[in-house]
Structure formats: structure tokens, C-alpha cells
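Two complexes follow with subunit A in common, the first pairing it with subunit B and the second with subunit C.
Moving on to the complex of A and B:
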């Protein structure tokens, strides 16, 4: 299928919310103040694991200005983003399971009073042994149990077997087995969690404003915790100051604001301090991985055996999803005929892990791309050649049933290699300088409803009239990634008008039509399908009117650049606005409603619970790809790694807004570089976080920015709306292994745990030196 | 304990009774309704609360309001003039230097200070100038591109 000539899709246009943001006039939740609004604060546990013996808040209530105090008993219903494993509560009930868990919340006339009241709440704890390591947690499960219903301290474990890996390994020429460990990192979005709840007692209606990326799931979870029907709750998103997965489930701020507001009949706002963002975490799962890869004599992958222990922290969260994703992600972007994955997600007394940009892909990608780098050396070819040999092609169906309708992954590899001069540099640079290559991919447009339902995942309503013009309604969440702008571009493209003339109403469960949320890189694809569907209905109706005005058959009309014209006689034309005017005068406001449901693949049956193993990401209609090549200088004196240059080439299908894609890719690169080199949340022996601030938790600043050269490779997925794929999670995948491979090329040391700090580099260099002198001495 | 301070905010002289332990950030956001100044960490680490005090960028969460007595403060709300965007704002918008927008006000004020004192900054000078403003979305590239193009424009026009 030929790529159509688009006019609105493919334009690098500024964000539709840009002007408000540069003026400082975009309203974020914490900017809002309502009449009679009270301020909420949460009292947090100083213990990582303890029984709550008693909470006495009588003194807090006596403090002038304090309006109400709640504890876990005020809203004890369990919530969770995955209903089957829901085990979180708004505030701890009976026991705390991590340092910083909320035990009580206060509403007061101002923040200062609320804070002072927290000190007056007396909580009596009986400390329990603290489990911080997943291996220890499993070993000591008989003696210390974190959740009563998880006797082995395991949330869930799974095994997936495809083909016969054992037989395949026996026949392999090259087999490598290694262990990798990833670190405990946080999203560090700039805007802390914040929620404003306004409960209207007479009508029983709750209005929520919240910094969330999942308005629908927040809506559902509020309904569960508050025991209110969803139609009595409205969730509205003001501007969102970044999320990266960390706002991909409800937060206790939401529940505490809502419960307090209902209790006092006044609006209540709860905004976290930065330390609370860290304490409530939901960042990336540290993974303890064993991977074994087998290649035949020609370097083709024959089998992978993957064992992963995920350190989940205290509660379930997105855990089971992340766990199965790690298992599923080994099946691409290379052809893997035989594979086994054994995975388990373990409870520990840490702030809970959850969803984070590139969920479930980043960890196995680190292991796999590093190992293939080493195995190329075993085979005696370049890592590039090995990866090209094994790379998937359009139409590939993995043994785990992942179907790749279209891919330009090989073009990504080629482009990055050519632009960086990888082949001329790899293995040939002086000691201390290195270059590393890695690839990656991510799902695009996928998602199950996390509760079992087959309803469409996105609905878009487009309204056309002479008064409001064109308005796209969808309850999608623009968390900064720019989906509102992209939706406007796609709607304009399909309607034949300009993106500047499209209004977008999103992020509201009442004025927006249904959407599952911004996660799993689903929105451009999903809303694209729904927009096409809705616009087609509008175009059909307008064409019938325009036909009479132009004087030709409706099915011979085209719409472009704000005009209807005959495709055979383009001079026969009429302005789009005039057609709308005639239509609305005769009929009234015109609407079209479009839906997106991910394709149902054979063998997946949610309602009866039958699943094809490995099909967790099987619903993904397409996949985005990326290749990165990193060049590093390792300072042999200080151990510091300086990144000189990053060359990236990505397949995001047709870029709807290339400037926005560049922003996603560059942002992904720096985001993942933080995890590779700097970031790690640290706990002391008692489980208290010792670096819960942006002073001690180091995210990359502009000073760490290397030269970045990105390429959007020419791509168009004919099965996708406008040919699109994801662009915001694929490019985080190759970063960590590409850096690790570059460091290996520089100093010959393979780092298998993160972050690669100067201390680790110096230690490794010392060990290497000792080994060398030992060898030369013998 | 309260104290009355006099300061000029975005060109307007204000007399405000503040608590002695209130920060400038709190006074701007809560007393003056200038919520374009953001609170990201309250520890002077993220730069989201950057304002210009007597022309210099400060983390307003680290400045006690009483220390702003007699000073001139510019917040993001004071950057656009007569309803039209300042060239820095316009360029940030055009170049994709914004995603979630939470760092944007502080980043723009830091940029304003940089370009006011150095119309032709090198890449290194740009990076250093904005190194106190964390942006977690963009990876800084498009922000730096915006600043670089502003510097070029400024030079082409012979400085503004």
C-alpha cells in the first residue's frame, strides 16, 4: 500500500497547549484553589514492616484549624490497577508494609496546620522483621509473611514454554549464560502527585481533579474505595506535569482527598512533597535475571532460557503485568524459535514498584542485547551482523504468537551503523574509548482492559457545527507527551481541514468519551483508528450535502485543504465551511463517533479466562523499533563515564508530528541514561529510603547531555491508522545495553548490574589490572 | 510572626504582609496567585520555581519572602508583554522545547537571564546555565536548540 500524501499528519507543528505553558498559565492541579478548600496531609510510617497497634488522633483534632482526621478504617476497600491482584488500601489497615506508607490523613484550614497535626497523631507500632531482598523474602517466607494470602511472599509466578529449548540448546554451537541485575529507579516526573476532591453532600456528586495518566482507572478505583457508583464521580485532568508510568494507577493522594472531602463536605487538596513521591514510588522493578542464549554455527538464535525474579516491593500494583511482559519481551526483535521463561514477582518491604516508561521491556532487553554483543565475539562477527541476521521482518509471527505486521528494524540498524561509523570504530578505539550498539522495540496500540471486558478501548466523538467548529472529544490523558496535538492533526487530516482549526476536549470522564488511559504506547494508534471511524461518518454526511452544491456525485468528492472538490474536475469545488453551514442549517450539529478495539487474536478469550501462553502482549497490533549506538569515554583515573555521542534510528511508522517524535526519542534517551549511569533509590538496613530527594537521587541535567543524532527512518505500517506506531517507549529500550556494550568496548569489562557508577568502574579496572599482572607474572 | 514587605513583581509594586517563615515561592503562588511558578521539590534542586530577583535567577523555594523586601521580582507571568509572547516563549513553543510544561516557566526565566547577559552563549554556556533546571521530558535537546536559535537571531539583529 502506498503512503498517502498527508497534509496535516507529518507536520512538525507546535503543541496546542504550548502558548499556555510558555506563559505559565496552564493550570495544574496544585494551582487550583476552591472556596472553603481544606488542605490534606498524610501521616507516614517510620517502619518498613510493622503491626499498627493503635492510632490516637485526639490531640490532632484538638489543634485549632484541624477539620478532620481519617485512618485506614475510613476507606478500607482494597484497590489495585489489576483487579485480580488488588491489595492496596488508601491508608494502611492493621499493618504497614513499607517505609512511608500512609497511616492517617488530616484535613485542615492550611498546609501548616495540617502538618502540625500530623505530629500530634500518635501511632503505636510493633515492628516486624524487614525483608528487602527478594531471595531472602522467598527464603524466609515461613517466618515472615508480608501478605497473608501470599504464603511464599510471591505475588505470582509463571512459566512459558515455546518449542523445545533444551533440545535446541543441545544442538547449539554457541551457548552463553549470564546473570544481570537492574536497579531500583523512580520516574522523577517534575510535578508531584496531587489531587483535589470536591464532594457535594446534597447531590452526592464527587468532582476530582487529579494528576493522573489513567482517568478511567482512577474513576473505577474511586468508585470501589468510596463505594459510590461511577456515574456520581467525575474525574478531570488539569495539565499534567509528567508521569512516565508513575501516575498510571490511582495514588493515596486521590483517595485521601476524596475521603476527607466527603467526610467534611468541603473541597480538599492533597499534594505530595517530593519525599512522598519517592516513598510511594511505583517505579521500575529491579530484576534479577538469568539468561541463556544458544546460537547455531551460523549465528542464528536457536533458543533462549530466561529466569527472572522481580523485586516488587510491598504491594501488587502493575506487578503481574510487568512480570509477564518481561517474559514476553524476549520474543522480539529477533527470531527466537525456542524459548522458556520462568518468572516470579516477589514481595519485599520496599515502596512498591510499578509501571515505568518501557515497562517490562527494559530489563530483559539489557540482558539480551549485552549477551548478543558478547556472542558476536564468540561467533567472530560484528554485533551488527549478528543482529541483522536475526532481526525480524514484516509479517513475522513469533512462537509466542506476537505478530509483526510491519517493521523497519533492519533499516534502523543500518542507519545507525552507517551514521555513527560503528563498523570502523568498534573494537578499534584506544583503551578507554568505546562504542556500543543495541536494538529494541515496544508494543504499540495494545492493552487489555485490566478488568475483563471487551468494550472498545478508545472512543472518539467528533462534533461539527458552525458555532464550536470542530471539536474532538476523548477522555485521553495528555501527560505532556502531546496526544492532544496529535489527535488534532489526525482529525484535521481525515476531515480535510487544518489542525489549527480543531479543538480537543480530553482528560475528563464526563465531557470526554471513553479511553483507557495513557500507557503502553497505545494512544496514537488507538485514537487514530477511532478518529478515522468518526470522521468517515461526518465526511459521508457532508459529502451528500456538498454533492448538490458542487454538482457532482458524493462518491466522487474529495476533501482537502478545507475544500470539497470533484476528483475528476478539481475546479468544481466548494469551501468546507459553506457545506457545514448548509448542513447545520438543515439538520443541526453533526457528530461522528468512532471506536477502537484491539484485534482479537486466535486463542485469547478473556471472559472465560482461557489464554494462549505468552499472549500478554499478543494484542499489540503493531510494534515500534529503535537502534542506538553510544560512544563513551571512560576516565581511567576517576572511573567516570562520559558519553560523547548517541546515534539513534527509529521506526515509529509514519510520524504524525516529527518534532514531537524527536522530543520523545531524545527524552527517552536521557531518561534511560539516568538509569544506566546515575539513578538508584537506596534503602538502609531498616528499609528507610536514604535518598528520597532530587538532591540525592541524581537525574541527568543538561550537563550530562551528549551529542544526540536521531533519525526517523522512512516507515509506514499499512495496517495502522495513518501508518503510525509508538515513539515514546521503544527508544528507552536500547539505551542501557548500548551504553554497557560501549563501556565493554572501551575497557573490556561487562557490567551486569546497574547503575554503572565510577566506583564500580574503578573497582573493575583494579580487578582487571590485578588479573593481568597475575597472568603476566605467572 | 508577620512582617510587611514591599517588592516589585512583574512591574507592579506590592505591599504584602507575610509570615517570616514563608518562602517567596509560597507568597507568589498563594498570596499573589502567580501559579506559573512551580513547586517541584521545595529544596532548590529542580529549578521549577526559578524566578528572576533583581535580574538574577533564584530558586524561590529557598528564598524567604522577607529577603525579597525591596527587590524586583520577575515571574513567568511577567515575561510576555502587551499580550504577545516574548521571543523566548515564542521560540520554545515553535521548537518543541515544551512537553509537560512543568519545567517551562523556570527554564524560560533562566534562559532570559542567560541571553540578557550573554547574547551569544556557547553550547557549554547554555548547558551550564540551564543545568539547575531539570527537565525529565525533553532530554534538553529541543530546549537547547531553541536557545541556540534565539542567540543566533539576537546576533543577526545586533542584539536586542
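Moving on to the complex of A and C:
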């Protein structure tokens, strides 16, 4: 591990966006008010499944202050993040498929009038049977069909086979098979979706401001729905108040604002209420999983069989991608020589599921880490030992051809175990107190775009001149995760200057160069490659000028701390600014442009050398790893679980900004703890959501925040720019199984569905008691 | 999420308020902290034509105390003031605890004690301790004023005795008995911003022997439309030497007396069980505090 001596990378600098946010000066989309701006509101369906027989909005148009009303017919082109399965429309056409689906939108002179107008829109529905459970949806597909082109109510199903799991299971000493069910959760970001569209009629240009994490994909979808060339549309991101995957697709707010603006020739803003955020959801898929794991007599994993039914809700969204991710996630972070996955993503009449922090990983990780905990007991060793035995090492190639260039996973396990005293406590604490361990990993980017394309995934342009200093341009989306800050740090490192002297222009498809978006924990790695590429060009040009000023050859120069100097005679030096000054006077503004294209890795069954359907999904240039150990106290009378402490150790490669990494880890822990213990979207029998507010949808509060001890383990991936990996999604992976394993250690009950509520705990305790007294009685 | 149009009044005296409510009748609503009222208006459950803001009326605010007589708390006193009052903590501990658990710091800074009882939510935080502490309310109209126990004031879910032209002006809390202690607790998923699945307050006084229960008030919330006094449970302990067996019997009796429903927060069955858990814990704590033994064996 020959890790360079960095000065800007590895610094815990405050966020670029921090001061404005702390002072309340950051401008979010909903803060914006343009001259002549109108306000848009969306009329939503009270039915989860119904034919729209008639929409009459004449009364709404008569209300003073109402400017226009649109319905599905005004923009019927289908959109979707995955082009092969695009099946959403801006507003429902002919039929609604979930409670809260938009059926019409109003533009009015103020929000109050727009809201009043919604009540004047008359919609005649013919209710259809509502399917809320994926099993029922498949069974009743003959009788009730959610989409015409999906006769079985299945978006897509896939089977992946690697090696010979059946043969391997037959030879295993230990085999365990279990079912797990995960809950229906939403991201609960602070800022609801909001979009402001300004269409200029004479020039035919559309300016969009939107709270999105995928400006590029929004750009593409707008072009499809509005039938406008992309070069006539500009997408700009004001400050974004969190996204976590929930803004990883366009939203009807975007389309309605744009369609209304084009119709009336005035700017239109649409900002969701919290209930609309829940209604349009795109949160985590509830998964109904069967998993079978086989170990040999020494505890080495020989085979995994995974069956997953994903409850997708009403539309496709990210569905097919999430589905294949769940299949790919069984191949790491342990060595699995034989595997089979059978997966299907089913339509139901619920607000659609989509991408959510740790997409596709959280559900299978829950099953696998809980099962390995149980299997360690079967083998008679500690879960730590079992996981250490099976953990992957640097250079590992999975049977599905996933390549792990570098990992410190074992170091994560060791560190967390040592710091928490896991081995001394596990299995030895008094009844009611428990400690649980789980590991996990996540991708640092993907190998492919969502549509067929060979173009680079990220382009960075660095501009240097005497006026602006250094400006990094990239249309990346800083949604609060801090990519602007780390891009500035990496650019400063490579240029040999200070982070404080770098400006970042991002989140704009016109002033920023191309980027795919903030998802798949891709940006630090991707922008890092592009920044290195762009900076090298700048350094080369400046060195040629500096060489003459210093009096040595350009290739003998180093740049550090804002100075060019000869590596043989460091006293021969010149200030960076002076070189820029000379260069600019002679040539003008200097630019360097760098690109990132990930390696095009293929999903292959290595034992047969055959391509496997859907197995390209899950490949990444590198992977982050982590381990969490949770200590819980279970109140045996109320069933309430109190978290005493969390010990975490993570391999995020080289941390560009350790303070930011800690923030990501702590945030991840709270985020996933919500799904484990508190959060759940609840629907009534008709599919209406009954807790569509942050009062009734229970996100953990600061009061639930446990003591958290995080360690960034020493790591450097030599194949990665600056040695980086990811830290935004990996740390959510171990949380749920670690809590579940801790609860098992406390009370001897293994929970296989979520959330683990006090009521469930108490019921389980009683059942256990009844069983015990039955056993002792007989 | 928009409010209907209304006319806004900000009277300075109680007399002015009474004039206004007398004149405007049911078309007017009192605006105290607004933490219930404005939500109901935003959700279009209420569309008052007039709002009468009572926050500028000094005589309706604040906590006063006279030794031997007890405390008077103005209806418009903020929950946060009650939460942070040394006097309330010392004399009426259960109320202090309940005030500290209501909503979040932001909500407590706005919400008032009177609003909590007038809104009369079955899950409300402060009515159970107030009833346990023997609080009376003073209801006033142009015609005059009357005093009644809080348990008679609250009639059901969002129902009180308040008639047209009447307002609540203050709470009267009797001087706590010697050798007495009160405790409050709740069951809910989170430790903040929680609508209680069950809550309970216990106010227990001992005889001079420090062991015999002289008087007891046990009041449960969120298990009936009104704060429910556990009459049976009280009867089991009053006049008896406090012991684990009786405490357990009382807890079971309270659980039987409770009349909970199943909803999104908890099942009726779980609520009933939690009544017994809270009863046990609070009785033990209150007994320990009243008898001067060291607190907490849980």
C-alpha cells in the first residue's frame, strides 16, 4: 500500500455548502419566486385502482385566479428512469393505479387559489379491485390486471445460476433455510419534491429548477415528455434538502410544472406537501425473501439459494435494477462459490417503490447476516469467526465475475470487535441485554448507464485564470452528501493548491459538464478520475511556463502547497499564482477536461463461462466495506428496544474528508435504524395511506440517537483515484441485521420481519415463555 | 393546507375576551398556542370565522403558589414554563414530568396547559397528572365563573363542558398532602414527538407510619375517551400497608378497568398490558418517593 502523502485529501474541512445552510441563507427551489410566477397543485386520486371515466375541470377554470388546468392527455408520453420499462406518465391517463396518483394539475396566481381549484375539479372513477400484496397480485392476475402489458402483474422476473448450488448443498454439513420480510419505508428527506419551470415561448427554451439528485436523467425525461430537444432544456439545482434515492427519478412535480409553464407562458412552481411525498414514494421495496445457505464442515460457505419477491407498487421506476441488485448482493462480502437467485418484481396498487440509500442491498443483507449469525451457532463458533473465515480479500473474483480490487473488510470486522468488546460480551450478557454483529459492503458506482450508451459517465472541466482562480465545473448533484466539497479537495490536491481556493460549479446541465447523477455511491470515485485527468492537463501546461521561470526542465517540477519547485533542488521554486499570471497573460484562460468511463464488467458464470441475464448489475470499479456492532437493552415488560451503543468500523478507501465520512456513517446508522425499529408506511384495506405525515410515520428523533463510535479503518485502494471508495450507502447495510442479532443475543428470539416493534417483541417473549413452560412441564 | 379567512382579535383583558366570546359565539375559536387549533384548521376540520388570541392577556398566564393553599396556573401558561418551573417540579412532579414529555421543545414553547385540556384528546399528556393531583378548572363567562374538577370538565374525545360564551381561565391545584408523591410516565415508540399509546399518573399519600396508603389517585390516558380514574385499583391499596402483592393486584385491576381501542399506534391488548406495567412502575416509584426510600428498582 504505497499511499501518497496527501495534504488536501484526508483533511476534515468544513463543507463548502455549510455556512449558507447554517445561516439559513441557502436558497432551495421553494424559496424562489419569479416575476409572474404561477403556483401549481396536483389533484390526486382517492382510489388505489380505478378507471377514470371523466374529468370535468370547467368549474375550476371559472374560479378567479385560476390560469390553466392540465390532465394526462396534455403530456401522455411515458417516462421512466429505465427506458426499457418506462411506464409512468406525468398525470394518469385512463386509469389510476395507486392512492394519490395525480389526475390533473392546476396553475393559479397563488397556492391558495390553486388548492381551492382542486376541489372544483370533478373526476368520475370506476373503482377496480385493489391488490396490495404481491402474492395476491400474482394469484389474481387473471382477474385483475394492473398494467395491460404485464399479464401476470409482474414487471420482470429473472433467474441467475452460478456454479452448481444443488450439488454443493448436497455435500454441505450445515444447511439453513429461512424466510424474511422487509417493510415498506420512505426516505423521509426534509425537503419535499419541488420544481420551478420557466418556459420562454418566443425562444422555446425551458429553464427548470428542481430538487433532484439526477439532473441528467431529469433532463432526458423532460425531453421525452415535453417532446423537446435536450439542448432547449436547462436543469439547475438550487440547494437540495436531502434525497437518499427519493429524488433519483424525475417526479410528476417536474413534469406538471413544465407542462403548465409551457401552456401558460409563465413560470410555474409545484411544491409537494409531505403527504404527496409519501403518495409518490419511490422508497425501499418490501422484499419477501427465502434464503438457503450451506456451509461445509469447517464453516466455509459452499452455496446460497436466494428467492426474492419484490413488492414494487404501481409502476416500474428503478424496479428491474433494484431487483437484480438484490440478486447480486449475495456474492459479497463473503466467498460464495455456488449461487442461485430467483427474483421477481411484482406490481401492486401501492405508491411505487424505487431507489433508496443502499438500494438492493439492505434486504438481502438483512437475511444473510442474520442467517450467518444463526449458522455460527450451528457450527459452534462465534459469528465473528465465521465471518472472518468467509470474508473476501483484495483481488477476489466472485463466481459471478464481480471483481474486488481491494478490501479491508477483515480489518473492519476486527476493529469493531476489539473496540466493542464483542467477544467478551456476546452470549454472556444478562437476559434482556444483547450485542449483535453484522457486516456489509456496497458499490462505488456502476459499470453501465441506464440507457445504452458508451459515453463517459462523468466529465470535469477545470478552468484556471487570474480572475476566478480555480473553478471546477461538473453537473454533479450535491444533495447534501458533500460532493462539491470533496471535488474541491481532490482538485486542490492534484493542482498542488489549497481546498479553500477552489470554486465548484455543479448541479447545472448548462454550466456544468456531463455527469450521470448522485446515485450508486459513484461520485467520489467517478469525479476523482475525471479531476485527475483534467488537472494533469493543467499541470502540464503550467509546468512548461514554470520551468522557464524556475530554470529547470518541466518534468523535473513538483507542485505542492501552492508552489512549483524542482524535485532535485527544492529551493528553486516559484509561486503558483505567478505562474498562472504569466500563463494567462501569454495564452489566456487555461482549461483542462477529464473524463471517467468505468470498466465495462460483465456478469458471467465463471464456472461455465456463460453470460447471465441481469448480472451486469452489481459490478463496480471498487467496493466499500463495513462492520457494525450494536448493543441493545430490551425492556422485558414493554418490549421496547433501547440502543445503548453502536461501534462501527468502515473501509471507505482513503477518506477524502474524514469529518464528512463520519457524518455519512452516523446518518446511515440513524437512517437504517428507522427501518429496523420504527418506520413503516401503513395502508388501509383500500390502499389509502393512513400515516402520510411525519407525525405518524415515525422517523427516529435526536432522542433515539445512540452513542456511536466510528472508525475509518486505514485503507487505500491503489486502483482508485486517491485510493477512494464510498461511504454514503455501505454503512446502511449492516444496521438492520446487527440490531436483529443483538436482539437475539438479548432475548433469544430471531426476528425475520420489520420493524421490530415493542408489541412484536413482547408477543415473541410470551410465545417463548409459553414454549419453555410447556417443555419444562412435559 | 391553507386556512380559511377569519377575523383576528388580540384582546388585552379577560373582560374583553368574555365580551368577544359572548358576542361571537360558536363562530369564534380561542387561539392559545395554536398547536392543535391551526392543524385542525389546515386540515379543514374547523373553519372558524373569528380567532381570539389570548396570548396578550396577562391575567391568564403564569404560575402562582400559596403555601397551604396550593398553586394556580393560568390557562395560557406555556407548557415549557411548567416544564421548567422549580415549584411544579417540587410540588407536582407528575405534571412536571408530563409537561417535559409533550411534543418537542418547539411545540412546548408554543403550547399551553389550557389548550391541552380544552382540545381534550384522549392521548393528551397533562390531563392525567392534573386529575391525579386533584386539579380543578375555573370556567368563566360574562355571567360569572364556576369551578369544577378537571375530570368533570373533559367529557370525551374533543368534548368538554365549555358552553357558548365560556372560556377556561385557570387550573387550581391543591396543596399536596404530607408524605405524598406523584409520578407520570407513558408508553410510546419514540422518546419524543410521540402520541402516547398509554399514559398514566399516580398520586399517592401515606399515613404517618410511612407504609399505609392514605390516599391514592391513579389516572390513565389513551385507554378511554377521557382520563380514566382507576377506581378499583385505588380501592385495593387505600387503607392498606403498601406491598408488592397488593401493588400487583392493583396493577391488574387497572388493566381490567382500562377500556382501550386498537389503532395505528398499538393494539388494545398491548395497551391493556402496558397499563399494568405503568401502574406497577409508577406505584413503586411514588411509594418510594413518599416513604423516603431510595428511588427506582427498575
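What we mean here is this: the second predicted complex is superposed on the first by the 759 of 778 C-alpha atoms of A that agree within 3 Å, B and C clash if a C-alpha of one lies under 4 Å from a C-alpha of the other, contacts with A are read in each partner's own complex, and residues count from 1 in each chain.
Please note the rule applied: a contact is a pair of C-beta atoms (placed from the backbone, for glycine too) under 8 Å apart; a residue touches a chain by one contact, two chains touch by 3 or more.
In this text, all values refer to a predicted model and were calculated from it rather than measured experimentally.
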| item | value |
| --- | --- |
| Contacts of A:242 with subunit B and subunit C, given as first, second, both or neither | first |
| Which of subunit B and subunit C A:273 touches, first, second, both or neither | both |
| Partner chain(s) touched by A:703 [first = subunit B, second = subunit C, both, neither] | both |
| Partner chain in contact with A:12 - subunit B first, subunit C second, else both or neither | first |
| First, second, both or neither for A:337, with subunit B first and subunit C second | neither |
| Which superposed partner A:22 touches (first subunit B, second subunit C, both, neither) | first |
| Contacts of A:189 with subunit B and subunit C, given as first, second, both or neither | first |
| Between subunit B and subunit C, more extensive residue contact with subunit A | B |
| Partner chain in contact with A:659 - subunit B first, subunit C second, else both or neither | first |
| Contacts of A:482 with subunit B and subunit C, given as first, second, both or neither | first |
| Overlap of subunit C and subunit B interfaces on subunit A (superposed complexes) | 273, 695, 701-703 |
| Residues on subunit B engaged by subunit A in the complex (per definition of touch) | 29, 34-43, 45-46, 48, 75-77, 79-80, 85, 89-90, 92-96, 98-105, 108, 126-128, 130-144 |
| Residues on subunit C engaged by subunit A in the complex (per definition of touch) | 1-2, 104, 187, 189-193, 195, 264, 266-267, 270, 273-274, 277 |
| Residues on subunit A engaged by subunit B in the complex (per definition of touch) | 12, 14-15, 17-28, 30-31, 187-192, 239-244, 273-274, 479-482, 659-660, 662-663, 666-671, 693-695, 699, 701-703, 705, 708 |
| Interfacial residue positions of subunit A with respect to subunit C in the complex | 111-112, 115-116, 273, 637-638, 640, 677-678, 682, 690-691, 695-696, 698, 700-704, 757-759, 762 |
